[in-house]
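In what follows, chain A forms one complex with chain B and a second complex with chain C.
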Partner chain A sequence: MAQAKLERSEQINGWLFVAPALVLLGVFMAYPILWSLWMSFQTGKGMNISFGGLTNIMRLTEDAVFLRALRNTLTFLVVQVPIMLVLALLFASALNDSRLWGRSFFRTAIFLPCATSLVAYSILFKSMFANDGVINDFLRFAGIISDPIPWLGDPFWAKVVIIAAITWRWTGYNMIFYLAALQNIDRSIYEAARIDGVPAWGRFWYLTVPMLKPVILFTSVISTIGTLQLFDEVNTITLGGPSDATLTLSLYIYNLTFKFMPSLGYASTVSYVIVVLVGVLSFLQFMVARDRRR
Partner chain B sequence: MAESNQRKIANPIDLDEDDPFAELTRIMGFDPRKLASPEPKVLVGANSAKPSVVAPTASNVPALETYAKLLQATDIYKPVAGWNEYTGAFVSGETAAVFTGVWMTATIKAANQSGKWGVAPIPKLANVEGATHASNLGGSSWYVLSSSAEKDEAVDFLATVWGKDVDFYQKILVGQGALGTLLAARDGPAFKASDEYFGGQPVWQNFSDWLAAVPPVNYGIFTNEVDAAIVAQLPGLAKGGSVDDAITAIDTQVKQQMQ
Partner chain C sequence: MSASEQTAELGPALGVRRLQPTFNVFGWLSRGLTYLILIAASAISIFPFLWMVISSTNTAADVLKGKSSLGSALWANIVSLFTQVDVPRVFGNSALLAIVGTALTLTVSSLAGYGFEMFRSRFREKIFGFLLLMLSIPFAALMVPLFIMMASLKLINTYTAIILPTIASIFMIFYFRQATKAFPSELRDAARIDGLKEWQIFLHIYLPVMRSTYAAAIIIVFMANWNNYLWPLIVLQTNEKKTITLVIQSLASAYYPDYGVVMVGTILATLPTLIIFFLLQRRFVEGMLGAVK
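Let's look at the complex of A and B:
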């Protein structure tokens, strides 16, 4: 009897302790998510909205601007994430070598971009890649180009600038995960491999990479999610231009909501496209990376 | 934006012919004394099943053609990205002129190039009916909420201060550098003053003269949507693309965004 009472009071106390967090989660997370799902079926502008069923989804298929934003976002994803993860992996294995001179300096230097504000570094990139910016000045000084490259005025180069910017910002962040994971790999495995005459690239490819597989999966999933939500950099550096060449899904959602006559319902539909993409791509990555042994 | 509440505005008969507030909003592109504006004009395109919202006209085709020609003449302008590069280009003397509104005056005056600058009216398209040497860009609005308890007081404040008070306009021009659009304010001393920086030109007087010549245009409520659609076509036009195709693409995008 007393036992049951104690258990009951523990139950109540437990729930009371988590209640504030649960209420906050409910009000600021679960409720907005459900509400935005409901909103994604509404059509109309501003407060003047009505239930439109699948109208918004039909609209997606005909909306050239949305399709361009989707294509841009996927381009960023396909090009930038592999480059960044490979770089991070190479940096991590290089900086894990205890014989490397000044490795704590390099570790700090490569990680430091993550400590900068997204907007601050974007403004720096914008001025560096201006027509009279230091990049063009340097390339001209070095004799590589004769006319300045219109970095931000050309659809192709603008994408290059965005990819360069996010790679600079996030490579160090991913490198830290790899470095931490590398600390956990037993050194004796490498020694054994060395004694067996496995060359350096072989040790990297057949030992390091497979043993980092769970971390690589983790970083590729979070990088995918981050790139699909890309907003700050494009909004600061190019505003989606030139001619929507760097427009991302998040920036398009922002435009639909705050720049144009507010289409809150349609903007919610576009945000659910990101949700679906994140879900599908994460699932695919888990499938690819799963252990094949039964 | 001023345009968005046009259809909600009061019965036009409620306003006097010399109503100062109406005069103020007329300058901003809408005359409440005229009958409440009709629904956005829908032009019917020749080849499309749905009615077009943007169709080739006698004014937009030459405008886009001229713009494309300017973009193709890469020797006469400097491409810039962002505000600093933009102001830097003309403040440094690298470009000889800039097309912009009255608000650039302060930036130009900060460059210490007194006597080297002048203000001129914008060029106009030849052979386009209704083209003028005056245009307006941007603008903002005052709102009075109909549910406000102090509605009458707020309307009175706007009408007497912003709509009538010529002295007030002199004060904000001298103190804040704000050029008001009330035409009556032109007769005040601050507006008449000439500026040595611009070679003794009466710049404010010039600007307000041009202001009076700005033809009222109803931009409708989808300004940003149309703007984005046009901007998206400019690189194609700069590469020599067809103006008709660009207008068709603009129309498709605007129709898509308006729903």
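Let's look at the complex of A and C:
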């Protein structure tokens, strides 16, 4: 009797503690995501909408702007995430050496960009990469280029600026995860490998990388999710230009909803492309990480 | 005896040659290279901050010409910013949103994290697993329905609309659940024997014990709220409601941005998070890592 009463009070208390969060998540997350799934089958503009079946999905395949946004987003993902994670891993393993002079200075400096907001650092990058700006000045001074690069006016270079900007902002963030994981690794393994004559790159590749696999997986999943949602930077630095060269899926959804005559159904369809991409890519990354273990 | 000592003894016995002398030359080279890379990376990381400070003292034309020395336009830029924008108001808006949002997020998410960990049930574990799946729902997929929802509730251009969807954060629930695993259950049992109610245990025992967990969470959530851009951009429409992030963005997206002025604004927008970063760097890192451990 007393046992049953205790169990029931445990149950009630358990629900009471989690209820506010569950209600809010239900109303502002679960419901909207299901609603937007339903909306993605609606066509029409403004408030004048009707059920369109697969019309929106057909429209995706013929929409040149969407295809460009998809290609740009995937380009950012495929180029930027690996560069950033490799840099973060290299910095972390360099900083993990306790004999390194100025270690905490380097760590703080490389981590510092995390303290800026996405909009604030985007503004800084936009001004630095102006045609006669400080980056071109530096490159000319260093003798790397003779004519200024039209950073924000050229489709290729505009992508480079966006990639450089994101890498600047997030490398230190990922590095901190790697550093923390490295500090949990028993140092004697490295000593043993070193004495056995395993060179530095071999220790990095055969010891560090496999042991950090769970953290590498975690950072690559969150970086993938972040990059697929890229908005603040492109909206501030390039507005998606020149000629849609840096238009991302998020920016396209924003434009479809709030800039043009709103076509909410189609915007929802595009947003589900991101949902599907996040799901598929996260799944693939988990599979790759699991296969390598065997 | 550690593994390295064992190997050190076994090495010669097994005929492994010691590569110490050649290793040293290579070691010096790679050490030099390491420093070179780290110095370059630090310089690149720090430069935009210097650029922000330098540019705030220059005219727009000088900023675009890449002038990298201090100028004399700082005061003019400050005056210009304060006449174009109601700075105290905009700064206050950001602070209000960030503080209220952070307080609510921490309350709701820590209650849920505590609840999920302390009162286990099979059904709630399933819900928790479901929440982890929802963690990967991108905001881009929510913004259209959320906007329609807020419009139909007549909440457009209100702070309620901004704060409501951000209160329950799955990431923070997860973070608090992980942290609660370290909360000693003896404390709870003792309090129960003393006749404390569950909410009293949470308020009077859990909260004080978990102070540092809350401190780290405050930093993470405050920074996210302070820097939030896309959702406030969608919801807020009148100037007197706008946040400092929205204002500097719109100043910078003018056809001919007055960069000197924009930089003063950018400094103001970055200062609070920079101060938090330098004062509480260790907590900041703990907070980031907390949810992963």
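The working rule: the second predicted complex is superposed on the first by the 289 of 294 C-alpha atoms of A that agree within 3 Å, B and C clash if a C-alpha of one lies under 4 Å from a C-alpha of the other, contacts with A are read in each partner's own complex, and residues count from 1 in each chain.
Please note the rule applied: contacts are C-beta pairs under 8 Å (C-beta built on N, C-alpha and C of every residue); 3 or more make two chains touch, one makes a residue touch a chain.
None of the values given here were measured: they were computed from a predicted structure.
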Open item on the list: Is A:150 touching anything from chain B or chain C once the two structures are fitted on A? First, second, both or neither.
Closed with: first
Task: Partner chain in contact with A:268 - chain B first, chain C second, else both or neither - done: second
Open item on the list: Looking at A:105 after the superposition, I want to know if it touches chain B, chain C, both of them or none. Which is it: first, second, both, neither?
Closed with: second
Open item on the list: After the superposition on A, what does A:130 contact: first (chain B), second (chain C), both or neither?
Closed with: both
TODO: Compare chain B and chain C by how many residues of chain A each one touches, and report the one with more.
DONE: C
Open item on the list: Contact-wise, after the overlay, does A:259 reach chain B, chain C, both or neither (first, second, both, neither)?
Closed with: first
Open item on the list: One more residue to check, A:82. First (chain B), second (chain C), both or neither?
Closed with: neither
- [ ] Applying the touch criterion given at the start, work out whether A:43 contacts chain B, chain C, both or neither, answering first, second, both or neither.
- [x] first
TODO: Please write out, lowest number first, the residues of chain A touched by both chain B and chain C across the two complexes.
DONE: 126-127, 130-132
Task: Residue ranges of chain B touching chain A (in the complex, touch as defined) - done: 78-82, 84-85, 88, 221-222, 224-225, 228, 231-236, 252-253, 256-257, 259
- [ ] Provide the residue numbers of chain A that touch chain C in the complex, in ascending order.
- [x] 10-11, 13-18, 20-22, 24-25, 28-33, 35-36, 39, 87, 90-91, 94-95, 97, 100-102, 105-106, 108-121, 123-128, 130-138, 168, 171-173, 176-177, 180, 186, 188-189, 191-192, 195-197, 199-200, 215, 218, 221, 225, 228-229, 231-232, 235-236, 239, 249-250, 253-254, 257-258, 264, 267-268, 271-272, 274-275, 278-279, 282
Open item on the list: So in the complex, the part of chain C that touches chain A is made up of which residues?
Closed with: 2-4, 6-8, 11, 16-19, 26, 30, 34-35, 37-38, 41-42, 44-46, 48-49, 51-52, 55, 63-68, 108-109, 111-112, 114-116, 118-121, 124, 127, 131, 134, 136-149, 164-165, 167-168, 170, 173, 198, 202, 223, 226-227, 229-230, 234, 245, 248-249, 252-253, 257, 259, 262-263, 266, 269-270, 273-274, 276-277, 281, 285, 288-289, 292
Open item on the list: Taking the touch rule as given, give the residues of chain A at its contact with chain B in the complex, in rising order.
Closed with: 43, 59, 62-65, 126-127, 129-132, 150-153, 155, 238, 241-244, 255, 259-261
